[in-house]
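Each chain gets a letter, A, B, C and D, in the order it is written, and its residues are counted from 1.
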Amino acid sequence: MTTTPSDQMRAEHRLSMDELAAVIACDIPAGAFVNLGIGQPTKIADHLPADSGVVLHTENGMLNMGPKAEGDAVDPDLTNAGKVPVTELPGAAYFHHADSFAMMRGGHLDVCVLGAYQVAFDGDLANWHTGEPNAIPAVGGAMDLAIGAKDVYVMMTLFTRSGEPKLVPQCTYPLTGVGCVSRVYTDCGVFDVGPDGVRIRETYGVSAPELAERLGITLS
Amino acid sequence: MSRAEIVESADAAVAGIEDGSTVLVGGFGLAGMPFDLIDALIRQGAKDLTIVSNNAGNGEVGLAALLAAGRVRKVLCSFPRQADSWVFDGLYREGKIELEVVPQGNLAERMRAAGAGIGAFYCPTAVGTPLAEGKEEREIDGRKYLLEYPIRGDYALIGAHVADALGNLVYRKTARNFGPVMATAATTTIVQVDQVVEPGTLDPEAVVTPPSTSTGSSR
Amino acid sequence: MTTTPSDQMRAEHRLSMDELAAVIACDIPAGAFVNLGIGQPTKIADHLPADSGVVLHTENGMLNMGPKAEGDAVDPDLTNAGKVPVTELPGAAYFHHADSFAMMRGGHLDVCVLGAYQVAFDGDLANWHTGEPNAIPAVGGAMDLAIGAKDVYVMMTLFTRSGEPKLVPQCTYPLTGVGCVSRVYTDCGVFDVGPDGVRIRETYGVSAPELAERLGITLS
Amino acid sequence: MSRAEIVESADAAVAGIEDGSTVLVGGFGLAGMPFDLIDALIRQGAKDLTIVSNNAGNGEVGLAALLAAGRVRKVLCSFPRQADSWVFDGLYREGKIELEVVPQGNLAERMRAAGAGIGAFYCPTAVGTPLAEGKEEREIDGRKYLLEYPIRGDYALIGAHVADALGNLVYRKTARNFGPVMATAATTTIVQVDQVVEPGTLDPEAVVTPPSTSTGSSR
């Protein structure tokens, strides 16, 4: 952990994905049951305080998942959703896929954090398909997670490499879920989204008015 | 800290149950019946309850005592009438308690649906019988099914054998019965166990109810 | 066991329920997964050959259920569907109620044997409710079993105490299941029932024509 | 004797699989993937198969090799596209294989429905997305759901850790994944295990797949 929450709150620069992971880790309530999506969200686990009591769920059938396995601890029968070898913590439990997704859909997870191509101001999520005609579709557990957890957070860069905003009035990419995202964490700022529209919570390395103008957000 | 809470008395465990709650009560006959929690609920005094359980009480104890105390408005169960169900029988015949008879498998599957985020499901049980009345029927692949809706609880009171401090549960023999399903279907699950152990004591392969689905635990 | 199957096949008298249980036990295929309903069908277990490999299922969450428990073997946590203490056999497995009934409905049981108030020639079953206005309805697992097992057998006396047939052109009692019974074992004879109507397989202490006339069955 | 059959070779285990079968294949990535059975299926030669599995093959082995051998007409899976799914990618781009993408939880729940005798169920996943196309939508208690139908297999090929001679199965860690669900959804389940033990060896409380739902077992 290279930064502390108080550092980040004052950040006057765009956050790195590691710094952003630390910000999200601080916002996850102690004792929460949490699913971290494949890719960047996985980093959040490294920033959870040791005494947080956060219980990690992995869609492939486990609660109380521990950190990535190294060396002799690598076991091909024990991986996370990204197929990376992981470890188990005391109090772990294994279950089959139907039970694992029942747990999701049934509202038994407090938070899941997903990556995204686009998030709409009203909470629509697009993170499974670029919509390109020759792309091979692959959804995995994204749609199940999107509608399952009590709170769905997105972790992403705010702009594409070519500078297009990924937080948008309406998604142009195929949807993963409708109105399912409640908060969007990005390198440039944190946003609440949902039925009441978008609200800037904090910004990094950019002022709120400047960000609002660039994204087409009305500041209230 | 995880959300599971270990409390030392059954009275403390059931203290929050409000009048008018729907309470799922585990057990099949006596096996798995959380007697201490039911006794505590009687002392606690919550009334106008809807009880979901396989049976509607035996003899003068447990659910029968809760019914006798006049706390229950309605019972959903599969098998109210038994040799020793005189408390229920009397209240029912006097019109003092409502009854919804649900086939035993539907009782389990409807609670499973509640816990699994399923909106409704088509089930072949009870097609063409009096219990199909008022239910939507649909033919799928040449077979008839009835549309069944989830049964959710505000609380579940269940018995288990051992809990760890995180809320992982294992059961004992056929006392398992409805417990694991009810634990997923209630907003708050209160568990009476024989023993609480440290996390890491239970075999992770043998945990039946993982903690995300149960939020309370009681000795 | 007081009689052997070959005795019963030749029986020139009405069978006792114990003798009938022995007849049914002989008809259950080796290695079958079987659920025996509450009441008389429970007796069938006592007549299964030791090497039959029949696996007994009990709706309250167990496979490989053993005989009734006696003395020190009585464990209040281990009962059958009739709440009678039982034992476990090597290779037993416990599961919860949703899994137990999924096993039934999903067609994973080969045979179940139920008692009945009435069975219709087309296989309709009435065994849960007498239809009397002040009777308290109680269905238990009867409706689930009726539609779940691959073969549903009924074990009953053929006539009520007042002499009314219980195998009837149409049930007058409230139904448990529609067209679900394939065979009816009674003290007076064994019948196939189903979409093609009723057929007498064998009779005990009465001739087939006599039985057919009394029941209103057309002999083919 | 019980219906489970112990055979000494994977080839004998898969001998009966017919052309045109729907085969459920366990595993999530490599964990729980029954490689010996898939290799045997390739040797056996059955073609025109529909494969239901979470992924559509990795590298050149297992499902990827089955696909490369031209035996598969259609794949139902949640996540075909991976860094090393070039075999599937090539066949798909050439129009040589059909694909039905199913959200991972729906894949599991639709097989569970097949094994549990559920005719269809209303599921909130994928509402409002392209994967909702052609599916019946229904609002229940203010929330939208899609009607999902069971996925049945003629065969399931799964990996487990230990079987007893009756067919009881236990799994190991996250290699459990789809195995227990597929075992309920197939007419015949063929299991690759590390070890076969005598009945009575496995803890009856820890059995994950009881034998009534699986009819074949293979070392």
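Assume contacts are C-beta pairs under 8 Å (C-beta built on N, C-alpha and C of every residue); 3 or more make two chains touch, one makes a residue touch a chain.
Treat the numbers as computed from the prediction; the structure is a model and nothing was measured.
**Q** Identify the chains in contact with chain B as well as chain C, in label order.
**A** D
**Q** Could you tell me which chain lies farthest from chain C when each chain's centre is the average position of its Cα atoms?
**A** A
**Q** With respect to inter-chain C-beta contacts, which pair, C-D or A-D, contains the greater number?
**A** Here the pair linked by more C-beta pairs in contact is A-D.
**Q** Calculate how many whole Å lie between the centre of chain A and the centre of chain B, each centre taken as the average of the chain's C-alpha atoms.
**A** 35
**Q** From the mean C-alpha coordinate of chain A to that of chain D, what's the distance rounded to whole Å?
**A** About 29 Å separates the centre of chain A from that of chain D.
**Q** Using the average of all C-alpha atoms in each chain as its centre, how far is it in Å between chain A and chain C?
**A** 55
**Q** Identify all positions of chain C at which a residue touches two or more other chains, and write them in rising order.
**A** Touching at least two other chains: 88, 94-95, 101-102, 104-105, 148.
**Q** So which bits of chain D are touching at least two other chains?
**A** Touching at least two other chains: 109, 112, 116-118, 123-124, 171-173, 204-205, 208.
**Q** Going by the touch definition at the top, which pairs of chains touch each other?
**A** A-B, A-D, B-C, B-D, C-D
**Q** What does chain A use to touch chain B in their complex?
**A** 30-33, 53, 55, 57, 63-64, 88-95, 101-109, 148
**Q** Residue numbers of chain A touching chain D in their complex, please.
**A** Residue list for chain A touching chain D: 58-62, 75-79, 83, 88, 94-98, 100-102, 104-105, 124, 129, 134-144, 147-148, 174-178.
**Q** Which residues of chain D touch chain A in their complex?
**A** Listed in rising order, the residues of chain D that touch chain A are 28-32, 78-82, 88-89, 92-93, 99, 101-109, 111-112, 123-131, 171-181, 208.
**Q** Help me check something: in the complex, which residues belonging to chain D touch chain B?
**A** 109, 113, 116-124, 138, 140-141, 143, 145, 149, 170-173, 203-206, 208
**Q** Inside the complex, what are the residues of chain B that reach chain A?
**A** Spelled out, the residues of chain B in touch with chain A are 1-3, 112, 114-118, 164-166, 168, 184, 198-200, 202, 204-205, 207, 210-213.
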